[in-house]
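Every chain is named by a letter (A, B, C, D and E) in the order it is written, and numbering of its residues begins at 1.
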Amino acid sequence: MGEGIQIYELQRMDLRGATVIDGFPSVGLVSSIVANYLINALQLRQIGIMDSPYFPTVSLVREGKPMNPVRIYAGSKPTTGPSDQLVVFISEFQPPPNLIKGIASTVLDWAQDQRCTQLVCPEGLIVDREAEAAHEAEVYGIGSTDRANEVLKKNGVAIFEEGVITGVAGVLLNEGRKRDFDVITLLSEAHPDYPDARAAARVIETIDKLLLHTELDARPLYEEAERIEMQLKSIHHQTEGVKKPASPQRPSMYG
Amino acid sequence: MGEGIQIYELQRMDLRGATVIDGFPSVGLVSSIVANYLINALQLRQIGIMDSPYFPTVSLVREGKPMNPVRIYAGSKPTTGPSDQLVVFISEFQPPPNLIKGIASTVLDWAQDQRCTQLVCPEGLIVDREAEAAHEAEVYGIGSTDRANEVLKKNGVAIFEEGVITGVAGVLLNEGRKRDFDVITLLSEAHPDYPDARAAARVIETIDKLLLHTELDARPLYEEAERIEMQLKSIHHQTEGVKKPASPQRPSMYG
Amino acid sequence: MGEGIQIYELQRMDLRGATVIDGFPSVGLVSSIVANYLINALQLRQIGIMDSPYFPTVSLVREGKPMNPVRIYAGSKPTTGPSDQLVVFISEFQPPPNLIKGIASTVLDWAQDQRCTQLVCPEGLIVDREAEAAHEAEVYGIGSTDRANEVLKKNGVAIFEEGVITGVAGVLLNEGRKRDFDVITLLSEAHPDYPDARAAARVIETIDKLLLHTELDARPLYEEAERIEMQLKSIHHQTEGVKKPASPQRPSMYG
Amino acid sequence: MGEGIQIYELQRMDLRGATVIDGFPSVGLVSSIVANYLINALQLRQIGIMDSPYFPTVSLVREGKPMNPVRIYAGSKPTTGPSDQLVVFISEFQPPPNLIKGIASTVLDWAQDQRCTQLVCPEGLIVDREAEAAHEAEVYGIGSTDRANEVLKKNGVAIFEEGVITGVAGVLLNEGRKRDFDVITLLSEAHPDYPDARAAARVIETIDKLLLHTELDARPLYEEAERIEMQLKSIHHQTEGVKKPASPQRPSMYG
Amino acid sequence: MGEGIQIYELQRMDLRGATVIDGFPSVGLVSSIVANYLINALQLRQIGIMDSPYFPTVSLVREGKPMNPVRIYAGSKPTTGPSDQLVVFISEFQPPPNLIKGIASTVLDWAQDQRCTQLVCPEGLIVDREAEAAHEAEVYGIGSTDRANEVLKKNGVAIFEEGVITGVAGVLLNEGRKRDFDVITLLSEAHPDYPDARAAARVIETIDKLLLHTELDARPLYEEAERIEMQLKSIHHQTEGVKKPASPQRPSMYG
């Protein structure tokens, strides 16, 4: 790939056996809300940056600290065990099609270098109106390997049998199958046009069941997901407003 | 070529003497229907993937397994003999012009590396309305070498004497001639605007005559071809619906 | 050049001292008609292919044989002598501006490698209406070297004194002058908008005078030129009709 | 990066411990006005050029000397001390998005090679109308490191807690954090549509407080800032007028 | 630079100490008229070609000789002395912005390799209507070095104190300053929209004063400049008419 996508580690951690969460924006921003929730709830620390000459030229300032638009966080799960680390990739920008394969490969290369053992992708799923009426909104799962599908079945997650998964999550599934690395996509029915906190909350409950075993209280979870939904809308508003005057499409003398 | 088109083998097989079927989409999706039919009817197994940074970022899920959009299947023909293997390339996406030469070279390089002995391309043929009335819809053949044209004549396939063949099949014919490798294009009159199951069924009958010698029963063949036609329309519907929200053309902050 | 234009020899011939004819499309398709005429009249055989990843992805089938869109033919002139070979480059496609310099260099490099001694480019010439009335339609010549201009004068071809020659023929003239290689452009007043058989026939008469010395009978020449004009229109019609459904501009899932 | 951005030193100076000011155009041209002011007020000399094949093809003539559009000036601060040098990058053109990361890296690489110790970016800040009424126009600061934020707090500069910084300044902040190099962005509320001399003057006062300790008289500062505002408008006018006839977008013969 | 701009020498000459004239098209074609005039008046001979894959694919035929669109001429000045050679670069095409830096570097690299000692760029200068009434039309000069500015002052040429110079001449000035090589731009007030022979004649008078010392008779100079103006308009007319049918923007089959 020529996109020069690279990961810079700000802090080294032993991440053997860790689970990686993909937080690149998806339908209904399901992955973004999930990633933000986990970073806050588990108090993960930033350990790295993903950058490329083709990523946006923007610094996000939060609590008086400047941040890159794509970041890596890590920390311990609340429950202990042999593989008690969690890693979260979070991106404040929607990668364009030509960067998606490079991003997916870079995430997976790095996860394998760190000897992480699985990767979980929260995704929104658009469902036909007719189908929607027929059943309860639900979370489906699909794994890149038989092992991964077994984990889903054992935890009672319905298998996504037929359909299409696009973007970073789609490529991660294909790559996981090619490399025999466990990638699990969790699909939650979501509204395609705005951040869907309820869809994200359903995925967080499933992640808790699969990975955290903390028996989260559902109520605050939904409230927190809604708070993040608001925050994301606000970032969107700010970047729209500021970006335009500062980045004209062609070189020009002053103006 | 700079498109980085590569073949990844998921499983090694001895394919010496095998025949390769090109299933990249053609007029009326003739090649796609034929490729799907052969994979199902002969119960071929997936042995590889073709991928490139410029291929779509999508995973197709079938029976709970994620799949790349371009795949290679192989298996034994129903009749035994010294060269009893069949290999099928199938693509769920229509390659744009700038990838066509790279795809054709990669298919042919791989087929020669594996010591496969011939390549068959099912193609749809658009015929002028006036001409259409004058004769029965038929399958024509054209080979890259004199040997290949002999095979066609011996099996009673009418030779395509004058005309133009575009896309992957056209390049494979030219390359076959250049490399002195047997490439056979089978052209069946097809409707250009929708998957044409009947045109595909006529090609399958010809392939049976040339390669399989199983004397297929025509009726179920036409029914099966129509079932695949439906399935392809459905995949098309799903990818259209899902792709749009997830892949904007330019980088943008959330939205 | 990064266009990867290459010549593949299908058959080796000793072409020392041969004359090369450039048949890349020009104004009024003068060069294409001339090249086709010479191939037929002198029964030249195809000896090679010119190809590039940027050439069209199309196979032309004639008399049951697939052919690349750019081909090289060669054979003996009807009259014998020390340099009795003729080579013709013929192209079924109009090269876009970014390929023209690469094509011209590749033709000339190859001609010099083969120790051919001169290159002749038939060209159409658009003339102002006012000027047109004033004189008989005529063939002008211009050479890259003093030697080449001498040959023209000795054979009574009027020198093209002032003007502009564009495309492959223009670049070949410049390159010929730079390399001190004899390039002769023959310009015949032609209609810019359709294949002009009469303009081509006038150039063939001049080529006969300069190179072949066969004293061609004029009548069948004009009839033959008109037959080729028809054939070219027909190829144009077929490639237009077939090309569209098979080569969409962007990758897309089925459809 | 492939943009070939390079710094050429016209004159070598020992710049260990120096502070670098980023004068690439920002919202309200705040950085440009500040950079021009400092060059004039401290009588800095040009020590270098930044250039790239993608920078504008223009020479700015001032006082009978031709100048590149991006230049580096340096000189001593009015107060002496161990690190008494100041370096200013000034650009007469607004870099397009694809050059911003390359420019920021090149500035920072060079600053680190010279062993400069910090980099200050003046920036304009667009504020919502409603918010504007609520408080006095003010200068905020944000540092790439805890050290840099400490300097701001010690000097009474309000910390920019939450928001988005785009362009060269945004990338410099991110890079500064990644490299643990002190980058300070000073944000002054500015009008986005024209050069805002008052916003720039507020930043100059802050720079004086942080770096120069000269207790500048405010009146002439504001007058001088306004004079520069006029000059920038005039350059803009000239480059617009002259550029058009001389640089058509495509190659063309005379005209 | 990746534009592959190269100079080919057709004939070697000892050009040590020579003055180079830049004849790439400028405002009012001032440089083109000056370059043509000097080539004719001093009977300079063509010694080389400048070419690039991105230059136009065109051959200009003059007096029965094909020529590249960018050429180098050289010869002796009418007055003798230690540095009595003159070199002229002349271009029949207006370089697009992306080629300008490459052209300027190539000219200067070559001039330095040949040990030429200075470069003179004739340029048109657009002046505001109001300003125009206030003074006599005049020639201004600006040099890349103090040495060059001294030469201008000694010969009574007014210095261009403030303003903007774009295109090849602008880049040559910047490069000359960077390399400490004497580049002199002579600016003559010119009409931006058509070839301005009078503006060019004023520059020729200044060049005569600076370099040739022949005390040219003004009358025939102005007449000759007008003759060249006509010739340039005619070339422009011809290239427009011929170019279109021969160079479509995309590959296409015949037509």
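As a convention for this text, a contact is a pair of C-beta atoms (placed from the backbone, for glycine too) under 8 Å apart; a residue touches a chain by one contact, two chains touch by 3 or more.
From a predicted model like this one, the values you see are computed outputs, not experimental measurements.
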Give the chains in contact with both chain C and chain D, ordered by label. E
What is the distance in Å between the mean C-alpha positions of chain A and chain D? 36
Junction residues of chain C - those touching two or more other chains: 58, 235, 239, 243
Which word fits the touch map of the chains here: line, ring, star, complete or other? ring
Given the touch rule defined above, the chains close into a ring; going from chain C first to chain E, what order do they follow? C, E, D, A, B
As the complex stands, chain C meets chain E at residues 1, 25-27, 29, 32, 54-56, 58, 69, 92-102, 104, 126, 142, 144, 149, 159-171, 173-174, 176-178, 192-193, 232, 235-236, 239-240, 243
As the complex stands, chain D meets chain E at residues 4, 8, 10, 49, 51, 53, 57-68, 235, 238-239, 241-243, 245-255
